[in-house]
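These are the structures in question, set out in turn.
One chain, subunit A, links the two complexes that follow: it is found with subunit B in the first and with subunit C in the second.
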Partner chain A sequence: MTKIWGKRVFSSSLLDSRFLFLAATVVGVLLTLSIFAFMVMLGLPLFSVHSLTLLLTQAWAPDQGLYGVFPFICGTCAIVSLSLLIAFPLSLGNAILIHLLAPRRLARFLHQVVKMMTGVPTVIYGFVGIFFLVPLVREWFSRGSGMCILSAALLLALLISPTMILVFLESFSAIPATHLRALEALGGTRRQKLLHVILPGARTGIITGLLLALGRALGDTMIALMVAGNATAQPESLLDSVRTLTAHIALVMAADFDSIEFKTIFACGIILYLWTAVLTLSLRCLHFNYAKSSHDQSL
Partner chain B sequence: MTRVFDFLLYVFAWLCGLILVGAFGTFMVFLLTQGLPALGFDLIFGGTAIGDALLLKRVVSDGLLPAIIGTLLLIFLALVTALPFGLGAGIYLAEYAGKRSKSFFSLIFDLLAGVPSIVIGLFGFSLTIYLHKRFTFLTPCLLISALALALLVLPYLIRSTQTALEELPTTLRLTSAALGADQATTIRFVLLPQAAAGIFSGIILAIGRAAEDTAVIMLTGVVVSAGIPRSLFNSYEALPFYIYYMASQFSNQQELQQGFGAALILLSLCALLFTLAWLIRKKVTARLLYHHH
Partner chain C sequence: MDSARSRLQVDRNHRKTVGEVFVENPRLTCRDIDVFYGEKQAIKNVSLDIAGNEVIAMIGPSGCGKSTFLRCLNRMNDTIDSCRVSGNIVLDDEDINQPGVDVVLLRAKVGMVFQKPNPFPKSIRENVAYGPRIHGLAADRNQLDEIVESSLQKAGLWDEVKDRLDDSGTSLSGGQQQRLCIARSIAVSPEVILMDEPCSALDPIATAKIEGLIDELRENFTIIIVTHSMQQASRVSQRTAFFHLGDLIEVGSTRQLFTNPKHQLTEDYITGRFG
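Showing the complex of A and B:
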């Protein structure tokens, strides 16, 4: 932004409000950092009796003295990656449909539906999932309870697709019109437009959407908690019931506060915090590099 | 070859659209057909007379009223707490922060926006354990939940305030400066009024986020049956938690019906807030587009 008030005139009200705004910002920053600090502080007793590697690699069997969260990491990875595997092509297809192929009115309608979908509470996805999707999955595969990786991933895909589609659409429409017109003038087809102009041009946007959706899927608690079944065993098939890191935090709450079992939820919290922090940082790097490269191009 | 590819692309894209709309449509139809029959005064007030229930003369024991009031209280308290910080930080980032500090602060707030809500709930819970050692009366309660929710919506408020201010045309700032206004005056009397609609739509989205979140409150004090809370230090009921609880713990058909009814009420609340935010946003965009007439 352009700086208009280069040299600030001293006035008490100016100084006051500036100070207050800065204070609000600093409070926000301190709170963000203290989330992590608190978890480390409360989880620390755990690491003194239980080594970090054991915690990250062992199975979960409190009655045998095993307090590893490895099965939950696997559960989280399984649900998140399957949901992305379903949601990514689905979202890309929808974005292409809305941006390029559908008639204008239908495109506008679809866009509106997608926007509406972002407002649906996750607990409602979970609720409808239990009474609608889970019985279906149980019938289709006639195995298990229907509360499994597949059910949770399908619902999660429905949850994260709108976010991805909206980010994709935004990056599609950010492609300079001149590029598209140049291609049209050369007699390019719609397919060439998509493959050689839109998709390469929207590369950063597509990765952004993917990372945002990944963060959303990783952080979701309700769908996994309600639909994935919460079994503590290591999953072996898509129809197995699993517990995610987020669901583990929600489930162990009832246990005794001083037990090792209870303290593992702080380990899960720390893993989730760091994981999403890495995602945020990679998004930051991605956009920094993108801004730099587009700046270089325009020179 | 080209035509085969074009054809496949068509089929793929249309199929994706069909799957998404079909899945979402089926989902909504299922919820509506199951939930609509449950809607009615009985769902909210149970058997209690409406006047008595609203005036708190009688406790509503088998209706959704305590959960609805709990959710409304949560939203109100969370927003009142988060708003000063959200606005303050948003204004600071948009108007005062230098390039470097702005980049640092926005990174931290991006981080906060990415933190899963269950982790925020865990933070609220750990804070309660920590404070409980000093103030033994403090247990998970309405106040703790509201504070944790405030932290959850804080990054949304900051971002929307910052964006609303940064979107304003530079001419506005130049004009104000040319008239001799200093920066504080300009923010107070020129920029904030102009950005009000944008900020407001951000606030509504934050309300929606606070209304629907379940993970934060389930760690910080929500219970299935508490009635309307008498103070900030009581436990309370809330709609999303009620829905979660009914999904697994319903004991008869009527309770399941109530669960569907509650889901429908929460969905309508969120849809309403969402539409409101969208309408305001549309108005702002129109004004910014046609600013120079």
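Showing the complex of A and C:
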């Protein structure tokens, strides 16, 4: 009697928890979708005056009736890709150094430093940027104010690296020790260990770290506001000041609620949203296809 | 039990290996091997010859140093930070325990099979081809395919996998995986193969297959096998070495050691009085 009762309690609590998980998932998905719907709704009035193509391709000159965010898209694109270009190889190298190459003590020290860096507030990085990096860039190139794509990308690279390194390290240490032993016993060198076991085995983790960094770089507002210069003109070189989509949103927030300027921030939001979604999905697909065909790959 | 313990105390003071430590024309010569993990000594002054084309079994209670001794022979102890190995281990007129020795070449000469089958998460073909590839043993694709086929054949796996060479190595059964690992290690044509409890994760049928295989491999390789099963030792080996607390207590022909042990500890162990 009690046994049956006990069983029932067990299964119903199992049911409950399943329901809870389902509910959490549904709420999460709904929230994400409704944020998107909300942005589209609020952006609609703008699209009725201004065609989407114009918005995406025109320059930003509200006094001439031009509300295009194209320069900001370029600015974002330049800063994000440059910072990833710098940060990804550095982070991967750093993770390999900590995991495989450095002597035990140095490795532990570096690991701690990286962990600490993830906790530093973005605005601190911004300060360092303004008072240290920006003057340096100005001196080096003796052109412009130093508040430019290059400065922002360098700083952003510093900001996103620690997270990436930690994710990489996590995925390196998840490699089964038995595979490493097998390779050692076959006479594999450290290099072969890295290229043939660690990196292929950590593929998923590497992609995840890259995606996290990409999201962080794309979404960052503080660095862009503080050191990218916020110029609305179309950038032409890495030393030009730019405004990113995120910085644009933050700057225009203060403007009149009914103005067209204000409505453009919803367009920016939509672009950022879609951008992240498309990049994430395509990287995941790429990875999935690669994983499927990796059987034929030689070790 | 208690009497075994007390005998053990007495024996600690004079532990010289009894039996036939030396052989004529040894393939592998070990002299005065000491192994320390930090302060703790795991192998105590062990000397042992291993002949070519023999299967020698290492038995002894858990923690007596069988795996540690085995790992000296392909320098796998190098990968353990706290581990220090001293003594001479001569293979082909070269002392492989010297710092200058190229461990990559050594490990091509001394292969190893582990307790748990550990194929790479790659195709069956790639698992076997990997060793020859990194050691540059094949001039072209055809030659590599030949090595893969002959290794799988020697490991008694060819007929079971010849139609699915591109399937993942991990899709095989445990026993097949272990034979794949054996094929992987013989693909680089080693002289010696070390096996650390190669059947302990396998069922009796898979175990019987591997044991049969070991007997066939003896023709071309010297095999050193650690086992917890005395039946297995007597089925596959010609000589047996009994370790106890880091000492090599007794070595002898397998038949003699199991039927007529010379040392009291050996007798206690094989009759199941401790261990």
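Here, the second predicted complex is superposed on the first by the 242 of 299 C-alpha atoms of A that agree within 3 Å, B and C clash if a C-alpha of one lies under 4 Å from a C-alpha of the other, contacts with A are read in each partner's own complex, and residues count from 1 in each chain.
We adopt the following convention: a contact is a pair of C-beta atoms (placed from the backbone, for glycine too) under 8 Å apart; a residue touches a chain by one contact, two chains touch by 3 or more.
All values reported here derive from a predicted model rather than from experimental measurement.
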| item | value |
| --- | --- |
| Partner chain in contact with A:T189 - subunit B first, subunit C second, else both or neither | both |
| Touched partner set for A:G201, first subunit B, second subunit C, both or neither | second |
| A:L279 touches, of subunit B and subunit C: first, second, both or neither? | first |
| Subunit B versus subunit C as contact partner of A:R181, first or second or both or neither | second |
| First (subunit B), second (subunit C), both or neither touched by A:R104 | second |
| Touched partner set for A:Q64, first subunit B, second subunit C, both or neither | neither |
| Partner chain in contact with A:V128 - subunit B first, subunit C second, else both or neither | first |
| Of subunit C and subunit B, partner touching more subunit A residues | B |
| Those residues of subunit A which subunit B touches in one complex and subunit C touches in the other | 189 |
| Sites on subunit C touched by subunit A in the complex | 74, 76, 79, 81, 103-108, 111-112, 114, 116, 118-123, 126, 129-131, 133-135, 166-168, 181, 184-185, 188 |
| Of subunit A, residues touching subunit C in the complex | 104, 176, 178-179, 181-189, 192, 196-197, 201, 295-299 |
| Touching residues (chain side subunit B, partner subunit A) in the complex | 2, 5-6, 9-10, 12-17, 19-21, 23-24, 26-27, 30-31, 34, 84-89, 91-97, 105, 107-123, 125-127, 129-130, 151, 154, 158, 166, 170, 173-174, 177, 182-184, 187-188, 208, 211-212, 214-215, 218-219, 240, 243-244, 246-248, 259-260, 263, 266-267, 270-271, 273-274, 278 |
| Subunit A - residues contacting subunit B, complex | 1-2, 4-5, 8-9, 11, 13-14, 17-18, 20-25, 27-29, 31-35, 38-39, 41-42, 89-94, 96-98, 100-102, 110, 113-117, 119-128, 130-132, 158, 161, 189-191, 194, 215, 218-222, 225-226, 246, 249-250, 253, 257, 265-266, 269, 272-273, 276-277, 279-281, 283-284 |
